[in-house]
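Paired with chain B in one complex and with chain C in the other, chain A is shared by the two complexes that follow.
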Partner chain A sequence: MEILLQALTLQLGHNATLATLGAGMFGLAAGASGAFLVLRKRSLVSDAMAHATLPGLALAFLIMAALGGDGRGLAGLMFGSAVSAALGLLAVDWLTRRTRLTEDAAIGAVLASFFGFGVVLMTVIQTLPFGHQAGLESFLIGSTAGMLRADGLTILVGGAGALILTFLLRRPMTLVAFDPEYAAASGVKVRRIDLAMMALAGGIMVVGLKIVGLVLAVAMLILPAAAARFWTDRVERVVWGAGLIGGASGFVGTALSAVAPRLPTGPMVVLTAAAIFFLSMILAPGRGALAVWSARRGFGRKLRLRAGLLALAEGRAPSAEALAALRRAGFASAAGEATEAGRKAAREAAEDESLWARAREILPPEALTGRDDGATPLRAALTPDEWSLVKGASA
Partner chain B sequence: MGEEFVRFSLAPLLIGVLAAMACALPGNFLLLRRQAMIGDAISHVVLPGIVVAFLLTGSVTTWPMMLGALGAAALSAVLIELVRRFGRVEPGAAMGVVFTTLFALGVLMLERANLGRAHLDVQHALYGNLESLMWLRSSGWSSLLDPQALARLPEELPRMAGVAGLMGLLTLVFWRPLKIASFDEGFARSLGIPVRGVSFGIVLAAAAACVAAFDAVGSIIVIAMLVCPPATARLMTDRLSTQVWLSLGFAAFAATAGYVLAGYGPIWLGGEHAVSAAGMIATVAGLTLGIAALCGPHRRRDEAGESQPL
Partner chain C sequence: MNLASRQEDFALAARPDGPPASGPAPLEARGLSVSYGVKPALIGVDAAFPSGRMVAVIGPNGAGKSTFLKAALGLAPKIAGEVEIFGEPVDQAYGRFAYVPQRASVDWDFPTQALDVVSMGLYRELGLMGRFRGEHRRRAMAALERVGMADFADRQIGRLSGGQQQRVFLARALAQEADLYLLDEPFAGVDAATERAIVEVLKGLQAEGRTVVCVHHDLATAQEYFDYALLLNLRKIAEGPIREVLTIGNLQRTYGGRLTGPQLAAFGASGGASGGAFGGAGG
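So, the complex of A and B:
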């Protein structure tokens, strides 16, 4: 527990601190730019890009080692992965536009064949005399253990750069994500913005490779945005909320993974984000599962109560469910007799019902769409103008 | 060549070909229904299922693992539907949320669990271990007639043959509903074909093929074979039956060529060590698709005179 607190307050040594900050910055950039991808319904393209980094990563290692350098320099590896991620993106784009294949097939094909070629190159590296120390496997599921100072700084700077680009491109990306036709009509180059959005996502995948690993990187684009959507409908809030959730996940997940051995960084970061997502899905007001469920229950109760009141007004026997609702509201005694308040409420309900019938006659149907739910009193459902219109017509 | 080939290469080669064909068959219908990414999702969620099965039974035996993997696939289908409904996100993103989360959970359990000597790690899950499925009891081609030697074939071979046969049988039996429901759901419904049932059946069959192949050859081959051969075949023809047959051919070709290139290619180039067969098979499958995309006769979307089903 104490060590967790130390990790969260950045007291586990200089390099661990850099890794944690870098992961937070990566999460921030991934969450914010991922929000645009999720809104544009293109999030899985970045999965293809993330998997397509592997051959570039391996080739960069081989070239750097052949040139006599240390094959493990993160900047060089990141450059190689960026090039092959870009090739993967172009391949998906080309297959989708030039052939009859749909995008999902193009994504699957590019993802599998680029990754497969990367695996071939990885086995080549393993057979080299110095290959066993390459440690490229850590890029599969991410690891910040033993990360160098320079690596941490590279990730921090890369994440900050991606965040700044997201900020600069936020307006055209919002337009394109929401209404591509309108965006095109108002002079935005939709295709170019789309490619920029994808390239930005690819860049972020590359920045995060060391932390979350290429298999899981796509999660940091999708999970924060999907979680943020439970809390708000406004685009800017989704974007920055997703950034916040992503940043927190990167920070907390990396700190957690430093606490004990065999807690791999990538899964810890992704599971932190997933925990936030599932909590949002259950707890968020308005849209969360609990809120939806209780609103549905409340509405059902209102419907039954209304049915009971109308039955009382017409002198019929209410159904068992409706009677229970009447009793709960104090409108009926335990024996099933209507109380004084119940008779009054029943009169009001009957009156309201006849007003509703009148409203349906004189108001245009579209004015009542979504408001005529069978439980709301007319007064609450109409605007003051409409109300006086109906009231006047039935007087 | 003879004796060594039979001992070291025959079984992996056959298993690779059978796994490729078993995945390519349901892949044809997933492709037409724009569900190609389902294979990707299934092959990720299989990992936690296998780890849980291992933790419960304490051994790496086939059936508990298959059941665990199928259970995980079913659970992920439920989760995807929940996320899609409550989260109001597109199916792709819902899938992405669920499969990455479950895969992360699987990796974490794998790292935390004390697996001892059990042969199970992340790399194995991704790449499989095709090369290790050797037939050590054989002594040349004549062993194919020797019941004792045959009994010691790697158990993955009969299993994969069974699954591939089952996929073929299902495709034959349900050909008509599969075809109609994949091209025109409305028409299928008017004929009284249970469209939702067909859709569910396709996903279930793909999951079964994935799970069986995953254990033997790893997830790269599974993902590649669900998508690449059917996509390649789709660029070659407009007829569904031709497409399915061609996809089987492309799958078998990729598995054979990939296996041979991985094993002998480096030696031809003057190297000493073989490279990953799984990786090479996926690479060949991708290259084949690339060639078809460049010059396949039906690669374009709008061809005059052809009715375009999709």
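So, the complex of A and C:
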């Protein structure tokens, strides 16, 4: 426990500190840029790109080893992965535009072929006599153990670069994700922005090579955005909330794996993000499971209360459940008599109900779709001009 | 950098005193042809809309009405011809026109509220780095106010009715303070109250000297709402002041056999007469 605290407060030695900070920066950039990917519905394409990095990684290793260097140089491996991810993306794009394949089929085809080729290359590497090949698997699931100082700096700088690019492009990316046609008509070059978005995703995967590995990098693009979406209805907050969640996951996950080096970094980071996602899904106000459940209950209460008030207004005896609702709201005494406030509320409810009846007559059904729920006051459901229309008609 | 000066331009654009002096046409097409693959969608259309008018683009389904708007804005694959907006090619006229696409193409679960959508109308002006300030928020709010949606500013867009959504998209275009407004079927799938509210806003734009172009499919209301028309069916059938253009002969050429007897009779009854008869039909 104490050692975990040390890891979280960056007191676990120089390289571990650098790794933890780098992972935090990576998570921040991944979460924020991934949010646009999710909003643009490109998560699957990014998955294809992630799998497409593998052959590039293996080839870069082979080439560097053949040239007599250390096959595990991070910069070279990152470059190889990036090139091969870009080829994967181009292949998906070409297949979708030039053939009759749909995008999901193209993604499946590219993902499988590239990854299969990569696995073959990895197997070949393992049969070769160099000493270093054992380390290459760590790029599949990430490992910050024994990370070099230069590696840490590369990750930090790469993450910061991706973050700055995301910030700069936030407005055109929002426009394109929400309404591409409108974006194009306001001068945004949609294809270029889409390309930039995918390039960002590719860059993030490559930066995350050492931390979460190839395959799990996609999770860091998608999970934080999916978690943040539960908490808010606004793009900006989804994007920066996802950045925050991603950054925290990277930081905490890496610290955890620094404490227990046998736990691989990638899965620890991703599991942290997954835990935040799960908690968000349950607990978030508004869209979380608990909130939806309680809103449903609240709506039921409102309907019962409304039924009770209407019964009072018409002088009928309210049903037992409606009476209970009236009592709880202070509109009826324990004996079932309407209170002063209850009579007033009943008058208002009856008036609103007759306005609703009017509205249903004079407004076409499509104007009220989704608004006529039996509990919302009419004024809250209509625009001012519709409201004066209905008021005028019933006066 | 020149953000401040650009904002002054926008303020100037909001001129209250009548139509501007005649200059290049707000929208001019010469020999505009569009094709999706080898299937033609529009063939050799010439059109020049005069400034300060309410223009309807009228024609049957699949006649290329929406395609005409999209091609004019560079959104559809043009294969021949030219388009100029205020005398300039489209990519130099961004900021002078605003577009309201058809409502259907949007993800309604997108995390955005009514006011955010309207604010998107200001993104072009803000650029990549410009700060979104209080004045921008006020302008977005004013645009929402103008379409009667101020009370719904913080409502997620999926939780609005179809008509309310259309109003929000109109407000997004209003926030751009453009000189030319292009709307693709603004009255499709909206309720009568919204249709009336939108028409009122559009007439207000016209009163400020701006030009409005709508793809419109309802012949019954065309004369009431618009004063200029382009009749299309793959090719241009007719263009001009709406009372001169909406004749039985033109409509038959536009719609072929698709118009019903009563529809034609409505126009036949007042074909040569002055427009008074239509005012009665619309009310």
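Methods note: the second predicted complex is superposed on the first by the 302 of 395 C-alpha atoms of A that agree within 3 Å, B and C clash if a C-alpha of one lies under 4 Å from a C-alpha of the other, contacts with A are read in each partner's own complex, and residues count from 1 in each chain.
Here, a residue touches a chain if its C-beta (ideal position, glycine included) is under 8 Å from a C-beta of that chain, and two chains touch if they have at least 3 such contacts.
Because the structure is a prediction, the values reported are computed rather than measured.
Student: Kindly classify A:S143 by the partners it touches after superposition: chain B alone (first), chain C alone (second), both, or neither?
Tutor: Once the two structures are laid over each other on A, A:S143 reaches no partner at all.
Student: May I ask you to decide whether A:R229 touches chain B, chain C, both, or neither, giving the answer as first, second, both or neither?
Tutor: both
Student: Between chain B and chain C, which one contacts more residues of chain A in the superposed model?
Tutor: Higher number of touched chain A residues: B.
Student: Quick one: is A:L175 in contact with chain B, with chain C, with both, or with neither? Answer first, second, both or neither.
Tutor: After superposition on chain A, A:L175 lies in contact with chain C alone.
Student: Please indicate which partner A:S81 is in contact with in the superposed arrangement: first for chain B, second for chain C, both, or neither.
Tutor: In the superposition, A:S81 contacts neither chain B nor chain C.
Student: Which chain A residues lie in the overlap of the chain B contact set and the chain C contact set?
Tutor: In chain A, positions 41, 229 sit in both the chain B and chain C interfaces.
Student: Touching chain C in the complex: which residues of chain A?
Tutor: Per the stated touch rule, the residues are 39, 41, 168-169, 171-172, 174-175, 177-182, 184-188, 229, 232-235, 237-238, 363-364, 366-371, 383-386, 389.
Student: For the complex, which residues does chain A have touching chain B?
Tutor: 38, 41, 43-44, 47, 94-95, 98-102, 104-105, 107-120, 122-124, 127, 137, 140-141, 215-216, 218-219, 222-223, 225-226, 229-230, 262-264, 266-268, 270-271, 274, 277, 281, 287-289, 292
Student: Could you list, by residue number, the parts of chain B that touch chain A in their complex?
Tutor: The touching residues are 31, 34-37, 39-40, 44, 82-83, 86-90, 92-97, 100-101, 103-105, 107-108, 111-112, 122-123, 126-127, 220, 223-224, 226-228, 230-231, 234-235, 262, 266, 271-276, 278-283, 285-287, 289, 293, 296, 298-301, 308, 310.
Student: Spell out the part of chain C that touches chain A in their complex, as residue ranges.
Tutor: Touch residues, chain C against chain A: 70, 73-75, 91, 94-95, 97-99, 101, 105-107, 110-113, 116-117, 120-121, 123-124, 126, 128-129, 148-149, 151-152, 156, 159, 161-164, 167, 172, 176, 189-194, 196-197.
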